[in-house]
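In what follows, chain A forms one complex with chain B and a second complex with chain C.
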Partner chain A sequence: MVNGYAAASLREALEIRASRDVVPYAGGTDLMIENRKGVRYLFLNKVPELKAVAVDDRYVRIGAAVTFTEALACPDVPRLMKEALSRIAAPAIRNAGTFGGNLGNGSAKADTALIEVAADGKVCLASAEGGRVVDVDKFYLGRKKLDLADNELITEILLPKKGLEQYSYEKVGGREALAISRVSFAGVFAAENGKITNIAAAFGAVADTILRYKDIEAMLLGKTVQEAKGLKADYLNAYAQRMTLTRGRVSAEYRKRVCMNLLNGFLTKFGI
Partner chain B sequence: MEKITRSVVKKDHAPKISGHSVYVADYPAEGVLCGKLLHANIARAKVLRVETPELPEGYFYVDAKDVPGDNNVNIVLDDTPVYCRGTVEYIGEPIAMLCGPDEAVVTRLRDACKVEYEELEPALDLRKATETFFDYRFGHGDVDKAFSEADRVYDEEFETGYQEQAYLETQGMMAEPEENGRMFVHGSSQCVYYIHGAVMRALGCGPDGVRVLQDVTGGGFGGKEDFPSILGCQVAVAARKCGKAVRCVLDRREDMEYTSKRHPSLCRYKVAVRDGKVTAMDIDVTLNAGAYSTLSAVVLQRGIIAAPGVYNVPNLRVHGRALKTNTAPCGAFRGFGAPQTFFAVEMMMDHIARDLGVEPLSFKEAHLVRQGDFTSTCGRYHFPVPLPAMIDKIDKACDYRKKRAEYAKPQTGRYRRGIGMSLCFHGAGFTGSGERDLIKAVAKLRKYRDGTVEILASNGDIGQGVRTTFPKIVAHELNLPLDKVYYQHPDTARVPDSGPTVASRSLMVVGELLRRAAIRLREQWADGEEQEVEERFKEPDFIIPFHIDKFEGDAYPTYAWAVNAIELEIDTYTGVAKALGAYGAFDVGTPVDYNVVMGQMEGGFLQGIGYASMEQMNYDDKGRIRNNSFSDYLIPTAKDVPNLYCTLHVEKYPDGPYGAKGAGELPLVGAPGAYLSAVEQALDGVALHHVPFTAEDTLSVMTKEAV
Partner chain C sequence: MDGIRFTLNGTEVTYGGNATDRLLDVLRDSYHCTSVKCGCKEGECGACAALIDGVLYNSCCVALGAVSGASVVTMEGFRETERFTALEKAFGEFSAVQCGFCIPGMTLAAEALLSKNPHPTEEEIREGLSGNLCRCTGYNAIVNAVANAAREGDGLW
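After this line comes the complex of A and B, so read on.
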């Protein structure tokens, strides 16, 4: 039998989190497989405050216990995120899997986390004492290490309302469905008055954390597409130099080659 | 559609779909000890000693010393030990079994056992392996002369990897000592009489001392042909020692890592061509047998007999060897040696054709065997070879010739397409004279007073539907409703030996015995009486006797045929190949149930595509298989080939029931050749030589090409 606590409100959940040794459990699609012995879970999938998608003046706010299936049906969730969601596992797992769980699992293979990093997304954390907001990029400290205190829970994911319209998303799995990413890529492009204002590129499943290099992106910011073309070789070279990838179910060399091809494809797609 | 072909609801549909079926793991645990195997974790070593933890009361340590009879499992030879006999020969070899009432305690005790080894040098590289389990040679004509007169000679080597059967239910057996002294062994299996013979030997008892029952079995694919004999002996020995029922169900990692898989292979083909025609093939086939010989002899025989493919090769020399390595013994898997050689010969024919500037399909068509032609073993193709009509069918289904020509033109852009075709057969039933000399199948019908009829045979339903198709045949002949005829899981205490559930033989061979028995029962039917009829296998008159020492004669009475085309689109950024379509025409004779046969064709074809593409399993330099879970060893899902088209061509076999031939294995056999041929075309005509061929392989080929 599973020993656990089913919280009915966020407040109750935070109190349990603070006072007991519990593992937060949102959709359980990873935890069920782990089947850890002697563990007590804090079930968050019925906490109403974590189940909503809301929009404010700057962000689309996705509750940590919102499932992928629910998000796919929600008109407010950006198309880029939906592209990633639609390729996660299979319908049964999308019915259970959540944004909070995907992020909280701490894996660099998490498909929604990749989008959040590429989109300059933020994660809202709460404890009984209060809350804080962290850039998803900074939330990952290392392999399976998160900037999450023992008394904190993930409550919301924030994605910018605007600026995610032009993108590339790619997932390489071992097969078409029920596949963990072997390489994943999300790129976001924006230009205003002929100048590039955003050229975010994030790589998932190729290292201990999701990779994004803002200093290399800066090479092309403020440039026209024509100017960026001239800098393309240096830009790609900078990535090639910087990216040190790990081997997993595929070799590091393969991952590197795919990352470079996808990055190149992203630039090409936007005329660079 | 003939009446017998019309689909019915499978007899085991309701219990399986509702969860009522009782698999070996489902029997209540009360009074049953849990057995856990202590596996070797070194590929080759002397076992100096095993330090066991103190065993609580009611817990047992069982090893070779506890085997009352012969510590050798009877498979083809007897070299596989029940429990390790002093040296371990592969990682995973069972040294002992820990038994007791509480699974967690048994696991803890097992994990606390310390094995002291003296390590020995293992043989892991197939190319360097020196110990030969089996070595066969055969051929005909004058190969050397043909090579000396050739205007072109080709010499290529092909390699195939492991494939895991990936049945849904892992291996599991249970043994219960009965009050009369008999050992009752039951579990997930294909061949109750194989287990029966093996357990008799291990326990040192006569046929009445052992009873074997097949439990509901969640898939076999060949993986439950030999292994249950081994596990059956282990639990029987344990149950004898403990004096209680012992059940051992492997977990998924144990099963994937330590039980039998498809043999990895190396095939070298030297081919002589003169005036655009193949005049000779000199073929060398090497299989990685693993540490014990298990079924390698017969897998190798089937593989080498199929080595020249569906082509007339006037001068032929074939050499086949199964070599020992210190890895888990390989065994039976749907196709049984033939997928390896058919892959090689199909690629070889493709490569020669392209080098000659001829379209591979035309080149293959010019060499096709026909009715009356010699087989590779100088038997005959006694019946029509329907390949030309089947090629037409596939050409129409996917516009093969047009696409093949179109994709041959230079392609640009991120995505590149290719289409490939392969042709193959599967020899129906046992290789050689096994049916006549070894199996000697007997099947019975028992009619009860109430007019119901029970089928008594030893073939197990492993999802292929014999619990449905056997009764269909009998009900058809007796003009009875299907619910009046039934077939239980075989129990050696009740049924005669109609042979194992292997080699695509059950329906064709045993189904025909049942059909004949049903006709006899119909003729002597007496209402209200209990009646029994028995039918024994008789070899058809037309057969040219097969001599295994010379590989001469009819290796098979007839053949099932397949034509496969696969169309792919390769992403040049990632190497990922997306299947745009897979098209298969299959001749398995008359389908005795359309849905059953189509289920086999679609499933087998997809399984073959998995073998060709994503199903990758290797051992490392220690001999350890690391990808032993379903997140690391991927098999295809329906989404990988949504456009999977299968069609049947019926060339009836007069000695099979209503014209049915072997069906189960055929659909897997040709897939790798068609798949890799499509990859080659998409990659600008490069010549490739191995499967599985992964996205990573594709990118590395593209990088090399670009340099």
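After this line comes the complex of A and C, so read on.
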């Protein structure tokens, strides 16, 4: 085909990626809007290795070219992820949009990336030379900047199989109406023997990258819910100090207040 | 170089242009499928909907290379089916069509919904049509028409 390569296997896709100047194309829902001129696409929508969901002993492994609709129909995909997926746009977009494309776009508004950051998810990258696995939060280097080499493709997203049962997910302002002002939040909570073992909190669409502050989370790790209650004011204050948000269509102060409310709601939900 | 082969409304075609071309433009300009409307080119309005291997897509968000080997159906093909007749009748009875611009997309979205879920609730119909904007009807007539088509056309989907 003219100005395009259709790969039938991952190996073929990686060879083309290494030897030609191509833009990976999965569902096209970001690329076709960008409408870049003079590019050649590497079509990934028929690469079987990128279309599967698998489960190993630790992770649910979602292929980069799995669409949101396919993931919603898959019993292995965690409920937290499905909640975010079901609130993405409308059926025709969910039928096309993929996990790899959502990350590949590099946007802090990417709804599946928010879940991956909150869930300590990982992204698998491959080139013709080999593969590597990167924490999703480290994959984002800055605004629209990703730790992705020119010869690499995203192949899989890994989500932990266990530990995502208790969560909060909120998306404020639908994309259609309020794309620029929206805020999204995902929190994951876990406790063992009365002690908090996870209290991940991630904020999307409010800064250049998805925000998560593990050092502030550490204040409450290992504490009982009662102890955490006592530390709540300090903990919230630490977030308020740290968060510097970009101005959208609404003021940064307003967005921050929404973030703090969502964070507070998350703590309250789990008794803190 | 080989062209891009796909089936359009049941006929095999070969497109010799760029793989990066927008399906919406190619359907309208090269294949004269003018039922496929351009309302936004941003994936927001659903007027450009087409079925690709039975799945609903916005053709403004699809590059030609992605339909290589696929079966593409637009209203020009769908109107030959019994299912279309059932939807057309219901849309008529419920006065669900005003200017008509959104209707090809609405109809294909209804077809995509009913082929997965032949007896949807009102909420499911609204969700199924949520990517299709209509400037005229206020949606209720369309939702009622789809519900009626599902009832009257029982067994077709």
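Quick notes on this one:
As a working rule, the second predicted complex is superposed on the first by the 262 of 272 C-alpha atoms of A that agree within 3 Å, B and C clash if a C-alpha of one lies under 4 Å from a C-alpha of the other, contacts with A are read in each partner's own complex, and residues count from 1 in each chain.
Basically, a contact is a pair of C-beta atoms (placed from the backbone, for glycine too) under 8 Å apart; a residue touches a chain by one contact, two chains touch by 3 or more.
All values reported here derive from a predicted model rather than from experimental measurement.
In the superposition on chain A, contact of A:N102 is made with neither chain B nor chain C. Looking at the shared chain after the overlay, A:R40 reaches chain C, while chain B stays out of its contact range. Of the two partner chains placed by the overlay, only chain B lies in contact with A:N261; chain C stays clear of it.
In the overlay built on the shared chain, the residue A:S251 is in contact with chain B alone; chain C does not reach it.
Looking at the shared chain after the overlay, A:N198 reaches neither chain B nor chain C.
Once chain A of one complex is fitted onto chain A of the other, the partner contacts of A:P91 are limited to chain C, with no touch recorded for chain B.
Applying the stated contact rule after C-alpha superposition, one finds that A:M32 touches chain C and leaves chain B untouched.
Which of chain B and chain C touches more residues of chain A: that partner is C. Of the two partner chains placed around the shared chain by superposition, chain C is the only one that A:A6 touches, whereas chain B remains out of contact.
In the superposition on chain A, the residues of chain A contacting both chain B and chain C are 90, 176.
Put simply, chain A touches chain B in their complex at residues 90, 170, 172, 174-180, 183, 249-251, 254, 257-258, 261-262, 265. Of all residues in chain B, only 414, 572-576, 578, 614, 627, 631-632, 634, 636-637, 639-640, 695-696, 699-700, 703 touch chain A in the complex they form.
Across the complex, chain A meets chain C through its residues 1-6, 25, 27-29, 31-33, 39-41, 43, 45-46, 69, 89-93, 95-96, 176. Partner chain A is touched in their complex by these residues of chain C: 1-4, 16-20, 22, 41-44, 46, 49, 55-58, 60-66, 68-69, 109, 112-113, 127-128, 130-132.
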